[in-house]
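Going in written order, the chains are labelled A, B, C and D, and every chain counts its residues from 1.
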Amino acid sequence: MNSKVTRVCILGAGRVAKVHANSLTNYIPNASLVALVDPVEETLAATADQFGVDQRFSSLQECLDHCDFDAVVITTPTFTHQPLGVTAATAGKHIFLEKPMALNLEDCDAITNAARKNGVFLQLGFMRRFDPEFVAAAERIQNGEIGQPMLIKSLTHGPGLPPAWARDLKTSNGNLAEVNSHDWDCVRWLMGSNYERVYVEVANFKGKSRGVETANFYDNALVNIRFENCGLGSISSICPCDYGYDARVEIVGEKGIMQIGELKGQAILVCTNRDQGLISPIYRTWPSRFEWGYIREMKHFVECIQTGTEPKVGASEGKWAVAGVLAATRSFLEERPVYLKEVY
Amino acid sequence: MNSKVTRVCILGAGRVAKVHANSLTNYIPNASLVALVDPVEETLAATADQFGVDQRFSSLQECLDHCDFDAVVITTPTFTHQPLGVTAATAGKHIFLEKPMALNLEDCDAITNAARKNGVFLQLGFMRRFDPEFVAAAERIQNGEIGQPMLIKSLTHGPGLPPAWARDLKTSNGNLAEVNSHDWDCVRWLMGSNYERVYVEVANFKGKSRGVETANFYDNALVNIRFENCGLGSISSICPCDYGYDARVEIVGEKGIMQIGELKGQAILVCTNRDQGLISPIYRTWPSRFEWGYIREMKHFVECIQTGTEPKVGASEGKWAVAGVLAATRSFLEERPVYLKEVY
Amino acid sequence: MNSKVTRVCILGAGRVAKVHANSLTNYIPNASLVALVDPVEETLAATADQFGVDQRFSSLQECLDHCDFDAVVITTPTFTHQPLGVTAATAGKHIFLEKPMALNLEDCDAITNAARKNGVFLQLGFMRRFDPEFVAAAERIQNGEIGQPMLIKSLTHGPGLPPAWARDLKTSNGNLAEVNSHDWDCVRWLMGSNYERVYVEVANFKGKSRGVETANFYDNALVNIRFENCGLGSISSICPCDYGYDARVEIVGEKGIMQIGELKGQAILVCTNRDQGLISPIYRTWPSRFEWGYIREMKHFVECIQTGTEPKVGASEGKWAVAGVLAATRSFLEERPVYLKEVY
Amino acid sequence: MNSKVTRVCILGAGRVAKVHANSLTNYIPNASLVALVDPVEETLAATADQFGVDQRFSSLQECLDHCDFDAVVITTPTFTHQPLGVTAATAGKHIFLEKPMALNLEDCDAITNAARKNGVFLQLGFMRRFDPEFVAAAERIQNGEIGQPMLIKSLTHGPGLPPAWARDLKTSNGNLAEVNSHDWDCVRWLMGSNYERVYVEVANFKGKSRGVETANFYDNALVNIRFENCGLGSISSICPCDYGYDARVEIVGEKGIMQIGELKGQAILVCTNRDQGLISPIYRTWPSRFEWGYIREMKHFVECIQTGTEPKVGASEGKWAVAGVLAATRSFLEERPVYLKEVY
């Protein structure tokens, strides 16, 4: 019955753009996806057709010139986040920004300052903060159910080889940023403390056979974290892992242990061959694992705009995740533990 | 972007009405909940307020006289389904009808005929047919993954004591209808065959301590089914079971076994005391267990109306479930196996 | 350090005989497997060789004539239990008797009386009574953890086609006896009440394709039980089920639900293909499912002999299981509920 | 039927001694526990009484002087392993040695050389190598089921505060040795490669509240390993964790993921309160988690002695685990990654 409708323009028309387009079109009555921007004509047409979006542009500026809307959802490659974010903010558009926030802390600050100066909201795409299981778990931890957290392990293993720009430390910060930004955010959130120092080992098992010859490419990384509150943490990154999409957290507090998430997807168990064993589905992809999280984070963004409330995941969360990645990258390049204060 | 909006009136303002109101209001952009009907003023006001519905009436007729809309969602007690369904159909409104369809087969036919005669759609509220797990399981069975089904067990155990009208065989058909209609539908759907005969044992463990003195009240029932294709089936009914909401199916085919659903709710596991053990959440209620199913069945209803497509769960499914219940009730009253042809 | 050694003779040298031979030889220091009896020379030689048993006989009488020992373990087909049991008892040997106890209640009584008259112990091979999980579950139920049991479901599905004598109601009581004796015992044990009446549906899905033309053969059976305490029960029997060995119990009491056992065998989970899903082992056979139960029941038998204590599972448990089977068989043949008092 | 009996003397009469005494007395027919040695009279008497051992001594030398036997099982504190091992070997006794092998590599070599020189077998107490799940998992990995291992995580969290000597780096190597020796062995075994370098973070959360003021005490440790084959590894150590005994491994190979072990103990699931949720047992202690492993490792030791076969887990495995611990300890003390070649 809400008479206000928030008009949204999505920048980028790729995979995550479709996820957000689906939320806006099919699950959020008080939002309207009014425009789509992508420089690649084919991609733009396909996604716009799928969601019935009439207004299609090859650049944000073109869109700003011809179209009226309230907010942007930025799903383009990381190195474009700073210019697009600043432009959108300057034009007075609220910003939903996919992770990682930016390539470096200066870019994070530029986006943050532009948003603040122009009085627009900035929400980061950390959908785990809206996943019903992660939300319930966080509340239970904060309520003291497992006591003071001592050790947290978070993993994200993704199935397929990332695009070329995301494998190259010159154009991205590699898998630790592109795949594991969520882990960086989650361990900080659930531990309730900032990283103090990190140590990272990386490995490259599949690069050669997949034709990746980029310098410093890694497909496995194992991060060891010391938090400011003396807690310990681990992030593991494997991409491509091929076996499915895998995102789980295990956290031990002074009083007990908690596991969040599991490998199993749908609660269907089948056995047709005792030599093979029992089979249940695994989550194949991140959109299926975090189906609710994606819908809820976008509902939150629209609601914040309509009620004038600050989104609960913003610039600070985005910047800390980038800082963790920068320290981690320096660690494996220099083969030593790196303090956050060296980069932050 | 859909310019068509289907206007819906919900009859009844109780618990399941709120579930459907939530779907229509928060998750279905091309539908609009325009009116609410309930004879109990307080209930009507509370639910209407919660979902921002302005048009409120104490009867369907009053609503028809003063309000313009396309479809009704009937959530009132079973014994009202026949008159309300016939009235709505006669007024040309599409009908979404909660289970059980009606008290007897004559009433089922009356509703069905009225809908057919007036060219309106009739969809039954069997949300398990829209639950992602049940849907995937049914497809896999139909694809032959476990071979020809031989034996199916379905259970629904509900936490709390049903209302007085639902406990009395004179005003309802008891738990086997009010709680287990979904099981009757599911075993027929997944077995791919109609019931041939049923045998039922019932028990009354908690009635006395809860102050229920209704004749023939039972809180436990165990149904044994022979299907026309020689398959065997079991439905177990416990209400109030107190421990949570529990809905699971296990089916064995010539090639293997399949389990659908599990006791566990959220994938959060906690242990804080080795003498107590590991704890994970259980589904507390049916709205939380079938959150997606409720949204998707209503999306389907709206889409059928907008595209002129027959809903995939309708009169036939509703009537068979009622027939099963009638044979089952006769079985435990007469202490013998009862053939469906005796009641159908 | 125990100086007493109980000398045991096993009658029958087949599959379950090997299980007991393994327990006696490898896991019970104060017992000695001194003789093996089987009329089939090849079977006898193979098993005797495997366990290093020197004294080998083709009949119990021959063994009694030439060999000194304290106890027999009877693993031969059911129709031989009465003569072998009576002979062994008359010779003063303690008896460990595999399930089912006998073909009928008269034979049960004959064995029981012979044992009593000759002052020897009689233990029935209900190994689930010694399985750590079933034992712990039974204790917890008896301690009131789930309240008064209301409804119990027990299933045993076995992988392969039973031998010809076990499929024929003339020489055995079919799968309900040969496969499901354990369920009959368990539901009575855990419900804490005797059966009052039973109703059974059976089906024959695989007989034809496996070349079984025996009259009244069934490979699926679903038993509905009313207990004397008004509790309800279900036993499901599928053999051959092909997919593995499956033995589980679910019991709902006034306060809650308990599940005993699960499909999963070893705690190893593997995923190598997201289209296939997660795989964990299933129990392939009953010896692997009840590895501990088989060892512990035999330890109990030896300990009872050495300490002069009555075994905790004996004649009464054996006879009740047979009675249940007899009533069940009459039920499906006569297509009606059958009271235990009609057969007991 | 085995006429050979291996006579065993256990050194130490504490908790793990009882576990081995149980295996030898109750599950291994061809072994005999003939003597027990412990300097603490009360401990000695209690354990000897429990297992019916008549010959009791306060020192190994005394035992050697007065008793005839074939093998020792050394369960005493780590700092005694070198003198006891060398003495036993010199006396021609086969040695089953509990982990950790010794305090340093020199002591490892001394024991190894004494055994070799005197022609006695030396088996290390790495019972996970005999646990049915770990054994099956290792075989499946070696068969290539998950491809070349890339990343392995192993954890052991123990419930209670270790004894004073085991908390002090001067008398032991702390939890990483006393609790996690098994992890050091397992990651090397399952990865199929030696450690190249390690980096460790430690934390002390509970020491103060438990009255531990020992310098460098830690109750949490997180080890990051690079293997010689470029694989990555993690060991997590928490003791006291209070919530139970927890030992699990997760390993990702080029083709897939494998999990070994789970938090859940017995397959019993109970729910009596929907606000509390589902409850299943956790492993409370290491003897219950590795019940089969303890029996099987001791059966293996006895069989090796009787057949003259080298035990499959010996000096090399013991020494590598000690080396890992030494590098790890240096890492957290010096706050840098440490290469194994620095200590080995």
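Observations, loosely collected:
In this section, a residue touches a chain if its C-beta (ideal position, glycine included) is under 8 Å from a C-beta of that chain, and two chains touch if they have at least 3 such contacts.
Being a predicted model, the structure only gives us computed values, none of them experimental.
Steps from chain A to chain C, taking the shortest chain of touch contacts, total 1. Counting C-beta pairs in contact, the pair that comes out ahead of the other among B-D and B-C is B-C. Averaging C-alpha coordinates per chain places the centre of chain B 41 Å away from that of chain C.
Work out the mean CA point of chain B and of chain D, and you get 56 Å between them. Annotation for chain D: residues touching 2 or more other chains are 242-243, 255-257, 259, 263-264, 269, 271-273, 281. By the touch criterion stated above, chain A contacts chain B in their complex at residues 1-2, 25-29, 32-33, 51-54, 132-133, 136-137, 140, 145-147, 255-262, 264, 266-273, 281. Looking at the complex, you find that chain A touches chain D at residues 148, 150-151, 153, 157, 199-206, 220-222, 224-226, 230-234, 236, 238, 241-243, 246, 252, 254-257, 259, 263, 335-337.
Residues of chain A touching chain C in their complex: 159, 242-245, 263-265, 269, 271-282, 284.
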